[in-house]
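Two complexes, one shared chain (chain A), two partners (chain B, chain C).
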Partner chain A sequence: MIRAILIFNNHGKPRLSKFYEHYTEDTEQQIIRETFHLVSKRDENVCNFLEGGMLIGGSDYKLIYRHYATLYFVFCVDSSESELGILDLIQVFVETLDKCFENVCELDLIFHVDKVHNILAEMVMGGMVLETNMNEIIMQVDAQNKMEKSETFIFQSTRQDR
Partner chain B sequence: MSPSVPLQEMIRAIRSARTQCEERGVIQRECAAIRAQFRQADNGGRSHNLAKLLYVHMLGYPAHFGQMECVRMIASSRYSEKRVGYLGAMMLLDEKQDASLLITNSIKNDLSHSNQYVQSLALCTLACMGSAEMCRDLAPEIDRLLRASNSYIKKKAALCAVHIVRKVHELGELFAPAARSLLSEKNHGVLHGAVVLITELCERSSESLERFRKTVPDLVQIMKGLVISGYSPEHDVAGISDPFLQVRLLRLLRILGRNNETASDAMNDLLAQVATNTDSTKTVGNAVLYETVLTVLDIKSESGLRVLAVNILGRFLLNNDRNIRYIAMTSLQKIVGTDHNAVQRHRGTIVDCLKDQDASVKRRALDLSLALVSASNIRSMMKELLLFLSSCPPELRSQAANGIFTAAERYAPSKRWHIDTILHVLITAGGDVRDETVPNLIQLITNTSELHCYTVHKLYRALLSDISQQSLVQVACWCIGEYGDLLLRGDCQEVEPMQVCEDDVLDALETVLQSHMSSTATRGFALTATMKLSTRITDNVDRIRSIVSIYGSCIDLELQQRAVEYNALFKKYDHMRYAKKDSTHFCCCGVILFCSVNSFAFNVILEPECEQLTMHVLTLYGLTL
Partner chain C sequence: MPAVSKGDGMRGLAVFISDIRNCKSKEAEIKRINKELANIRSKFKGDKALDGYSKKKYVCKLLFIFLLGHDIDFGHMEAVNLLSSNKYTEKQIGYLFISVLVNSNSDLIRLINNAIKNDLSSRNPVSMNLALHCIANVGSKEMAEAFAAEIPRILVAGNTVDSVKQSAALCLLRLNRTSPDLIPMGEWTARVVHLLNDQHLGVVTAAVSLITTLAQKSPDDFKTSISLAVARLSRIVTSAAIDLQDYTYYFVAAPWLSVKLLRLLQCYPPPEDAGLRSRLTECLVTILNKAQEPPKSKKVQHSNAKNAVLFEAIALIIHHDSEPTLLVRACNQLGQFLQHRETNLRYLALESMCTLASSEFSHEAVKTHIETVINALKTERDVSVRQRAVDLLYSMCDRSNAKQIVAEMLSYLENADYSIREEIVLKVAIQAEKYAVDYTWYVDTILNLIRVAGDYVSEEVWYRVIQIVINRDDVQGYAAKTVFETLQAPACHENLVKVGGYILGEFGNLIAGDSRSSPLVQFNLLHSKFHLCSVPTRALLLSAYIKFINLFPEVKPTIQEVLRSDSQLRNADVELQQRAVEYLRLSCIASTDILATVLEEMPPFPERESSILAKLKKKKGSSAKLPDIDETRRQVNGSTEHSANNGTANTSPPLLLEDLLPTSRPRPYSSSPILLSASTMGSAHSFTADMLNLTSTPAAAAAAAVGGGGGGLLVDVFSENSTSPSVDVSEDHLERFVCKNNGILYENQLLQIGLKSEYRQNLGRMYLFYGNKTSIQFLSFTSSVTNNTSQSQLIVQAKPVDPMIEGGAQVQQTLNIECVSEFTDAPELTIIFRYGGNPQHIAVKLPVMLNKFFQPTEMTSQDYFQRWKQLGAPQQEVQKIFKAKYPMDSDATKAKIIGFGVALLDGVDPNPANFVGAGVVHTKTSQVGCLLRLEPNTQAQMYRLTLRTSREPVSHTLLELLCEQF
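Coming up: the complex of A and B.
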């Protein structure tokens, strides 16, 4: 099971934080800080697996992370997930974001964090991997966005009519 | 009231704040505006406001006042509002809050909505934060969706069912038949969900495990289809067909085959096929291979297959990718107890990994190397381990040193080798060893009488070069005190000849006594050693007496007490010093003193001539023999 998915930049500012277990707001922020502290210390040429910090489950949980340019993508998982599989999943996630946002960069994640949540919701649900096929994910996300747009359009046109 | 600012503008405003204080100000203003808007009746910007609140929540600011708004949004009929409302529910609500109960009804309605995306929102939220009561309430709905809906909803319902089973174990029974029938689906997403659900059910109850063992042939069939099938573009990742599903299937097969002969037999061929045919040049291939290896090693597989699996792990150890090396070593660690010989074959590679730059890999390599030490390879392994010790990161030093001691104790080919090894460790990492090393080493030296000369020479040399390692200095002082005469005689065959005169030895001990690096315990050893030397040397007894008397006024109570007692011995029993030119004579007094002050359990050999002296010393301490 995946306990948390965190994206933060090189300075530790959170860009996405999804927790699949409930924590208080304070604890969530502490976890983000602790995870950033653990991950940012790592050299570029070491392996991508870490023991989890104390707050997020200790040695039962692993942090699996990937560093892309200015962002760290960190998945906190327990032993039921395959480590190499999660690494691949992070790759799929980033590629999906790239397709959806067209050459995604940090600013896209900052200004469209709700869209990132929607994409993530098609991949991971309740802490479990839901779908790993990039095309399938994009298709579903597009369909949902279309639905939302059509609603807004109807609403706006009814407003103008009044 | 300020006009509602769309989400992007608010983000821009927050980012342009130059200080933390400014950012707090912006956010407080926004939150106040949002709160006011929530209190208003329906307006067009509702979803924007909640989205802004969620952004603020991610940055760490309190957002609990949005909980009721989430409930309201979920009940709305508009998809965009529902979407944000459910997202808010997942972020802000949890089962401990009362508000979460209020959304149960909305979820129930949305589960039977005509639009599949609304259904999926409800499923997603239930799977994320559904409480036990909500799960019990809605389980029949989920079961219905598992059987009769499209693939998109089925796969989500499957994972939702997993969450329900985790919260309410008894409901596992409810989902078992549906899970079984899902295995015949073609859609990979649904298959994936089904496998996860079955895995969960099997892990929870042994009856389910028994029941699902019957599905092993079906699972093998599905797996075969993935492995042998031709290129299928929609599931292909770098030439491997749906590696994620393959990994899940292998994991389930592992659970079903554990401790069960029939099930394990049924999957032997498949595992061999996957192990040999999977392309290991890409990461995805390695993920599948790794899972296969874990499965083979966990079930009752035939020995040929096990050897194949361990060889794959050995190949992983040579892989350029650090991640692969790390997990290979983690797995080897798990099986080193059961498949010891197979792992031994890869000892060379493992030992090479001690020199890896990555600290995690080094740690694993150390654990494995210590586990692989045996009587036949002790010499070569120890060479590597000692080399590692001299350059290893500080956090691993103590583990390495203690591991080396244990290995040396168990498999030492000769006493001399044993002593050499311990000395080497003390010189390199003396500060990181356990406290009982010093008495253990002293005992070892005492028992190895043929090496006393060699040992004292080596220790004296070590003492001359470095007095910072306390354990080493303590043992060296003790040795010099005990066997100082052998040192002064200077004729040891096994070391290079070195002329040592009495002054040199006393200089060395005095340096230890006066150095700021020496701890109190170390000083105690040095003082006792100086005292003991008074029977072994002939010319410098006065020097010893003066050294000892200085410490009669030392601030430290322990040293002062010792020095005073030694002085007393000097004064009262000087005539007995050379009564017998036998060092055991005065030695036994020194040993008793040493014993009583340090509470060691040494054997004391008493000779009748020194009985009077001994009894006096004992009464001094209020001890009986």
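Coming up: the complex of A and C.
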């Protein structure tokens, strides 16, 4: 089972955090910091797996991560998940984001936090892998966008947008 | 076309995010966020109905603020309202907010459940999916109760669309985790298993996850899934990617589904049906063959996906542990990976080999890779990989290679990463004991261990070496000689002094014949270390000295001289002083016979399971997991004949030790009056207590017994006698916590204490997080709460905390707090631990104040003034006029008043600059209503604070707490 999915940048600023176990807000922030601390000090070209930090559950959990340009994608999983499988899942996630946002970059994640959550929700649900087929995922996201578009006429608001 | 066009973002949101990103300082960021929160709050509270777009925008802003680590304490109701919107966008954002921000104990669950119920019965797949996601993400007990019957129905219904089926399967899985007993089994089991035949591979993937979890719980009910899973796997593995829709990933057919199917099969023994069995074997062979084929793509994704399946197939082969040819092929494949240029593959190969090593068919094959593994230990750049190498060496160790492996691990230990040193120490200690044929080797190894990594040698390890030496008379002389030689080094680790003191005290006579290690030389050697040691070690050495008096009458005058010196007889430490006095007196008045009886050689220890093994099990999953895996495998494989042999292959240490160590000798309880008195002080007669009767201070014995109960009190007594006066209680931090519940309570160079607390009515719960900032472990860690106020006012119960904190680690302690009646003094937290041998003592006031038990009360202006008048008696009002300590910022003041616990009442006071609040203080015995009013005078930089409550002492306490905040 996946316990948490975290995205943060090279400076440790969180860009997405999704926990599938309940923690208090403070613990969640501490977990993000701890995870960043563990992952960021690792060289490039070392392996993509390491034991989880104390807060997330220690050595019973693994952190599986990939580093893309300015962003770290980290999945915290228990022993029931295949390491390489999760590594590929991260790749699918990123490729999907890339398709949805056209050359995704950090700013897209910042300004479209809701979209990123929705895309992730198509892949992972309650800590389990829901769908791995990118075409299927993108189809769902497209369908959502269509529905959104059909409702946009309501949003044409002329009021000050603050 | 991109699925998300970049232009459709919300401008207000974009502006806000840019503002935050432009903030130069944390303070500026917080200020901007508070402003935004106030804005959103007023928008939500305002009477103008918000349109869907605005609601969405504000919820997005809240999500962003939450992501930055700020508490969001409102907006939940608005989000719940969005759930029942008939617009998709609004519904979706409502669900998003709830799954990110609402936890499973929220009060809103009932309302949320209602909305979910409506969506589930809507027959609209989009709404149904949103609802199922929400259930899976929140996954609370209430939700399980509400939907346990509904979801299986959706899952197996014929007209449910595929995407909903997928969600329903995982949703059910999640609920089964939260409350397994609630999910009705039986009627729909067969239909769930049948989902493995579904056309849609996404549905199959989700279903396999569900079935795997259920099969682990009740394997018999899902036995039928084996044949379906094998059939499905066979079609994937052998197919030419025709019926796989889009599930081919970088030229690999449905890798995730294959992995999941192989996992499911690991819940069961090899299929009994011969046809099925050969079909599965064929699949596994095909997968192994494919690994040898040239890659179809150079992309790393291709090899990842392919190898994910391969590793899972190997895991299944190891699990079945029945086909020697497959096992050997698996082992060879892993052997290739051990030298692969991809670090990930080397890591996984080491990990898989660890489990392979416990199979009797492949244990020998694994052993052939020993050189590669040792090389990995020496050359891998990545600590994660090196750690796996250590694990593998540990599991491939047997009598034939133990000496080599122990030597390699010892030499690695010298430069090992701090984070894994203690684990390696434990592993070396266990192997040395388990595979020792020649006990001189064992003694050498442990002494080396202490020399190389003394700081990481826990008490269990050096207790154990003493235990073994005492129980085996063939090694005693050698042990005495070796410790004597090792102690010659100018700088010895304190643990070595302990072992040396104990062993020479018992068996120094065995080497006293040699003039180079005559009694006087031995004594002088030990005593030369005395002054550098901590109190417990000195106490142990004093016991060794009195034993010397018995063993060697000729050194009696010298030792008596030492005992008589002021530094012993008047030692500030009460334990050392007592020992010196008693031992001196004993040596003066007792006859030789009595001395000989009192100070007789220690009787052998009764045999127990090695305490080191218990410690390793407790400490780390990885290696300790091995026996567990064996256990489950044995259960699964049932009566297959080799499983019995498996047990002997991994001989567990207790059995081995029974063979090696005499157990029948009677063990006299304790022979000395002094020792007897010491032993009555430590109440737990565990192994530790046995050892410590003689060797250590009662305080330390008690500290070691903490958690076992009984000893805790002693620690308090001792700490109060010896150290309390010198420690001043840190108190000035208290006012920081009057208006907030979380933060850093205390910090010095060694230790950081974080605090989180929550209160409801008269009850509170506090979580303390003790973070070890150093790289060295804290030992004998205790923390207790002393309550200066009486039990009739405040009750604080502290849960016990682990007596050891690893370097860099954090442990948590929970306190339960109950307010019985009003109180003024905050309870005090006392922390005692040893850091590198030095005792540390920290005392901190805990921020438990009366205002924490406030419940805010909203009321109208009319009600407020009516109550204000009711509380008009002169003793009910207290007032204070004071100068502002902080800048007079209205937002900050509001936040503080809310943080104080009362409701901030807007529009009550005719003067808008004033602040008015109301709340009720809950204690067990009474509830005290409280009204407060704060009037700032910005010109004079002064405040006037007025409080009215029905009880005078409460008014005073609250006034004192609050007036320090502005």
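Just a few scattered comments:
Everything that follows uses one rule, which is that the second predicted complex is superposed on the first by the 153 of 162 C-alpha atoms of A that agree within 3 Å, B and C clash if a C-alpha of one lies under 4 Å from a C-alpha of the other, contacts with A are read in each partner's own complex, and residues count from 1 in each chain.
The rule we apply is simple: contacts are C-beta pairs under 8 Å (C-beta built on N, C-alpha and C of every residue); 3 or more make two chains touch, one makes a residue touch a chain.
Everything numeric here is computed off the predicted structure, so don't read it as measured data.
Contact with neither chain B nor chain C is seen for A:9 once the two complexes are overlaid on the shared chain. By the document's definition of touching, of the two partners only chain C reaches A:99; chain B does not.
Of the two partner chains, chain B and chain C are each touched by A:147. In the superposition on chain A, A:138 makes contact with chain C only, not with chain B.
Between chain B and chain C, C contacts the larger number of chain A residues. Note: residues 14, 16-17, 20, 22, 25, 29, 43, 45-50, 80, 82-85, 87-89, 110-111, 113-114, 117-118, 121, 125-133, 135-136, 140, 143-144, 147-148, 151-152, 155 of chain A belong to the chain B contact set and to the chain C contact set alike, using the contact criterion stated above. Contact residues of chain C toward chain A in the complex are 2-4, 6, 8-15, 17, 21, 39, 51-54, 56-57, 60, 63-64, 66-69, 71, 87-89, 92-93, 96, 100, 103-104, 126, 132-133, 135-137, 139, 163, 166-167, 170-171, 173-174, 177, 201-202, 205-206, 209, 212, 245-247, 249, 255-256, 259, 263, 301, 304-305, 307-308, 311-312, 343-344, 346-348, 381-382, 384-385, 387, 620-622, 742, 756, 809-810.
Touching chain B in their complex are the following residues of chain A: 14, 16-17, 20, 22, 25, 28-29, 43, 45-50, 80, 82-85, 87-89, 110-111, 113-114, 117-118, 121, 125-133, 135-136, 140, 143-144, 147-148, 151-152, 155, 159.
Across the complex, chain A meets chain C through its residues 1, 14-18, 20, 22, 24-26, 29, 32, 42-43, 45-51, 54-55, 58-60, 80, 82-85, 87-89, 91-92, 99-102, 108, 110-115, 117-118, 121, 125-136, 138, 140-145, 147-148, 151-152, 154-155, 157, 161-162. On the chain B side of its complex with chain A, the touching residues are 7-8, 11, 15, 44, 51, 54-55, 57-63, 78-80, 83-84, 87, 94-96, 115, 117, 123-124, 127-129, 152, 155-156, 159-160, 162-163, 188-189, 192-193, 196, 234-235, 237, 242-244, 247, 251, 283-284, 286-287, 290-291, 322-327, 357-361.
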